[in-house]
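Down below are the structures I want you to see.
Next come two complexes, and both contain subunit A; in the first it sits with subunit B, in the second with subunit C.
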Partner chain A sequence: MSGTGTRAEAGRAARRASAIASTLIRFAAVVAVTYLGLLAVTFFIGRVIPIDPVLAIVGDRAPASVVERAREELGLNLPYHQQFLIYVKGALQGEFGRSVLTTNPVMTDIRRVLPATIELATLGTLIGALIGVPLGVLAAVRRGTLADQIVRIIGLIGYSVPIFWLGLLALLVFYARLRWTAGPGRIDVVYEYTFTPITGFYLLDAMLLRDWAAFRDIFAHIVLPASLLGYFSLAYISRMTRSFMLNELGQEYIVAARAKGLSETRIVWAHALRNAAVPLVTVIALSYAGLLEGSVLTETVFSWPGLGLYITNSLQNADMNAVLGGTIVIGSIFIGINLLSDLLYRMLDPRTRPR
Partner chain B sequence: MKPLLLVDDLWVSFPTRTETVEAVRGVSFTLGRERLGIVGESGSGKSQTGRAIMGLTPANAHIRAGRLQFDGIELLGIPARQRRRLRGKRLSMILQDPKYSLNPVMSIGRQIAETLRSHETIGNAESRERTLEMLEAVQIRNPHRVYDLYPHEVSGGMGQRAMIAMMLVAGPELLIADEPTSALDVTVQLDILRILDRLVGERGMGLIFISHDLRLVASFCDRVVVMYAGKVVEQLPAAALARAEHPYTRGLLDCMPKIGEQRHPLPVLERQPEWAL
Partner chain C sequence: MSEAALTRREWLLSERPDSRLQARLGRAYQSWLRFSANRLALAGLLIILLLVFVAAFADLLSPYSPIVGDLRGSRLMPPGPGHWLGTDDQGRDILSRIIHGSRITLYVVLLVAIIAAPIGLAVGAVAGYAGGLLDVVLMRITDIFLAFPKLILALAFVAALGPGIENAVLAIAITSWPPYARIARAETLTVRSSDYIAAVALMGASPSRIVLRHIMPLCISSLIVRVTLDMAGIILTAAGLGFLGLGAQPPLPEWGAMIASGRRFILDQWWVAAAPGAAILIVSLGFNLLGDGLRDALDPRGSER
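Take a look at the complex of A and B:
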């Protein structure tokens, strides 16, 4: 009995291991194909748009020989498939050429601006999820009551009011009038020479450096834009949570859970929300990815030196290397977040696990 | 002797925007430690009667009764908290389709143990032990394996056994089975009924068996209540079903084919408006 039991057990374990391995391989293949597609699209865009990178570097009045030399240096005289190979090779090594605007390698610039964006988006998503999910649950449980209406109105406002307008309003009220928070930027100029970032995530850096005065200042700077982005994602997350929860609360297994005599708290949080969490993961991940790429307006209003602002500036100055580099980085982040939410999805829902 | 359950003039109504739908209209019956079958077509109010006894009527419904007593406790008069403590522990309910009535993201063993843990303060080891015993009692051959499986990984028959285990593990005195075999294959139906039959007999429980299957109810129960349009139209011992008097019951019985008989086409039920009054 025990002999067959362990053999069956071993067989199951082996099957499971091979299932996990094949899943991982499939994941890797999907990522590779998606990434290649991303590179192809950005390459195509870079060649199609009516901006001559050579002219952008040497200027309109350069002699023909200089233009020709620059063209050769950039590799633009090669056939397209060779250019694409060089492009892919560069992208894989994180090499996107130099920015015309800042004269730094694009990757150096991105390494400087990306943490600012990630820091803001992460805080915003944390606020959005930690407040939005409970609000959505509350609205669903108290469906049709005043609480539900209030949550829905909060959501509707956050969803429909332009974020730059709210941003300006918030600056006017909390910074200009009340002086509760700091103004635009990430950190006050007085810290410019005393505060040397390590990771680029300023809040984290200040903690690592134990520079609490700087920490307070950084916090005062980030609190407004992070709250705004948080409100924005809260609006979306609470609405989705409400509808997912209403769907789950109407299921038969909820009736069964009541028939078992479980408390309402347990039914709502351990049964309904646990099931609603499966699609919610995707919603939160997408909203996070959205904040990473789409907080251009917030970054502009708050002079936040992030990726959105960098790419917009580069675009306005025809700095194609920077634009393409930034686009690829954002695309990679998107792929990464999707992958992560896929994995999380599998952890939360036993029906999607390999048997 | 005091009856286990006393239902006297039970009404359940659902107000909608334009009118009020009366799902149950003055149902009365008593139940001892016996098997009572409630039959009726869909919409006859049989499920809502069962849910009203359990206290699982949707929040927007109005429910009233002359008396609704379980073991002498007036169910409509006690606070919700006390009502909840009765559910699962002293009265319990099996739902129709295990595909929907089991939580898809919780393992079967944990769902069964959860019933125990919400009514008793017991440790992990003991709740696991008693869950495994219960799985064995519903004739699951490999309880250790099934304990860790998820609902989507088992068959319908196995799922319904798990459902029975989940609802009986805390040892209730009254069980309401709401169409417990309607979603299952015919061959599996018999297995489930046999398990239910044995457990109800062994534990001396009262059983309300809700079904639309007249023959099944007649063979499985001691007494039959026939419902039509929210009312009890007839109440009689199962053995006396053949001598039913109400034209609705008679009509249903006449529609059933009998072996060795040639009737083509089979008669259908001719509804009379006065039945619904």
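Take a look at the complex of A and C:
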């Protein structure tokens, strides 16, 4: 009796393991194809550009022999499919060539600026989720009332406002007029030489160094752009929370919970929200990815030395290696977050688990 | 008069329409009733109609030239009589520039919709109807584009093609067709195995005829909703490109580029940047409200979601 039980269990476990393995393989294939597509598109962009990379390096008036040699050294005389193979190989090793502007390898530059963007986007998502989820729950519970309408309008304006414009106005009001926050940049010049970052995440670094004066200054700098990005993601998160909650509140288990005599607070926050949380994780992950992108404009307005500002600065100087490298890095993070949210969804929702 | 209106209403809402025209008009009327019950949606429609009106009569409505300013007499003047929204650093009337900028906004939005929506529709309908390998390949390409950060990809495209309004339109269109392909494919899958498609196929219709004449028209209403909802995003992306100096080039009165030029004066002459931003906000809010209302009216099933 017990023998057959364990055998059946072992069979089930094996089946489950193979199901998980096949899912993982499928995921890996999807990611590989998507990444290859990303590289193909950036490769294409890099080749249709009207600026000749050879002439950009050797100059317009270089003799033909020099141009030819540079072309060979850059591998630009090879057929396109070979160029693409070299490009893919380089990209897989994090090799995107040198930036014309900073003369560093592009990857070195990106590694230096990426923490600033991650820090900003993380804080923004945190603000967006912490305010957006309760707002969405409120709108769903008080559906059709004034509160619902107000949340809806807050969300709609968040969808409609040009973020760079709102950033300029925020700087004008909160920095220039009210003097509540610090201005553009990440940290005051005063700390430029006394504050040596460890991880590149300044808030974390200041805590590790126990430099509370610097921490306050860094916080005063980040609070405005992070709130702005937070508002951006709040619009999306509150809207999705509302629809998920409405969906859950119409389910029969809610009726059952009411019949059992549970308090409304408990039903909403402990029962309905817990079930709505599963798709919400995906939404929050996607809004995080969206903020990484939204940071391009925000960073420009706030002179925030992150990846977005790096890309736009490189754009203005026709530094295509840097632009494409930055595009690939943000694209890779995008793909990674999409994959992660998909996996999280499968882990959190027992219905999607392979049996 | 009211009796005539009542009978017309009855005619429109008739359960047994005598003609195809009556049935169609009746359906449209019902959609309109649902739509017009939504006050916010009506406000959105009003904003968009106003935008079209302003763009059409920009030359008559604008009090000054949008390009040539008065450098001597009126540089960076605050809002007031004469210049209702003030003047910019070249002495140009900001209101006139915003009025003329509405043309650029409308141009960008329409052009992107005209390019991106048919591409998405064709890809999605073909993928959904053909199935098999073609479906897999087309949807994989769609997914690749969906997985990209839109604005960054548009940036890279414009960087490669060179700044300018046409290139910005092209870049936005290239990055915005994938959701339409997804929607069209989903719609196609739902109608693909229905009886009337089988009937048309039995009558000897070619696959291209089935896709073009019998499947695509059914996808259009959900596509229109989605395109309208996306218009706000298109406007914001175009304005963002303009702000970064990659969209419309000066002296064109593009709203995003106007904000960029007002950025230098934000602390003292805030109106230079504030006014065009408000215009962008109002117009994209209008498109969002209109899109929401259209979705509720055209797709009663999805309205509660």
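The definition used in the following text is that the second predicted complex is superposed on the first by the 351 of 355 C-alpha atoms of A that agree within 3 Å, B and C clash if a C-alpha of one lies under 4 Å from a C-alpha of the other, contacts with A are read in each partner's own complex, and residues count from 1 in each chain.
Following the convention adopted for this analysis, a contact is a pair of C-beta atoms (placed from the backbone, for glycine too) under 8 Å apart; a residue touches a chain by one contact, two chains touch by 3 or more.
Note that this is a predicted model, so its numbers are computed, not measured.
In this overlay on subunit A, subunit B fits alongside subunit C without clashing. Counting the residues of subunit A touched by each of subunit B and subunit C gives the higher count for C.
In the superposition on chain A, contact of A:A176 is made with subunit C only, not with subunit B.
Rounded to the nearest 10, the angle at the Cα centre of subunit A between subunit B and subunit C in the chain-A superposition is 80°.
When the two structures are aligned on the shared chain, A:I330 is found in touch with subunit C, with no touch to subunit B.
When the shared chain is aligned, subunit B comes close enough to touch A:R351, but subunit C does not. In the superposed pair of complexes, A:A289 makes contact with subunit C only, with no contact to subunit B.
In the superposition on chain A, contact is made by A:E252 with subunit B only, not with subunit C. Of the two partner chains, subunit C is the only one that A:Y159 touches; subunit B does not reach it. Taking all C-alpha atoms of subunit B against all those of subunit C in the superposed arrangement, the shortest distance found is 11 Å. When both complexes are aligned on chain A by C-alpha atoms, no subunit A residue touches subunit B in the first and subunit C in the second. Residues of subunit B that touch subunit A in their complex: 54, 56, 84-89, 92-93, 95-97, 100-107, 114-115, 118-119, 150, 152-153, 163, 166-167, 170.
By the touch criterion stated above, subunit C contacts subunit A in their complex at residues 140-141, 143-145, 147-153, 155-157, 159-162, 232, 236, 239-240, 243-246, 256, 259, 263, 266-267, 270, 273-274, 276-277, 280-281, 284-285, 287-289, 292, 304-305. Touching subunit C in their complex are the following residues of subunit A: 30, 33-34, 37-38, 41-42, 45-46, 48-50, 156-157, 159-166, 168-169, 171-172, 176, 243, 246-247, 289, 292-294, 296-297, 300-301, 311-312, 315-316, 318, 320, 323-324, 326-327, 330-331, 334-335, 338. Of all the residues in subunit A, the ones that touch subunit B in their complex are 251-253, 255-263, 266, 271, 274-275, 278, 348-351, 355.
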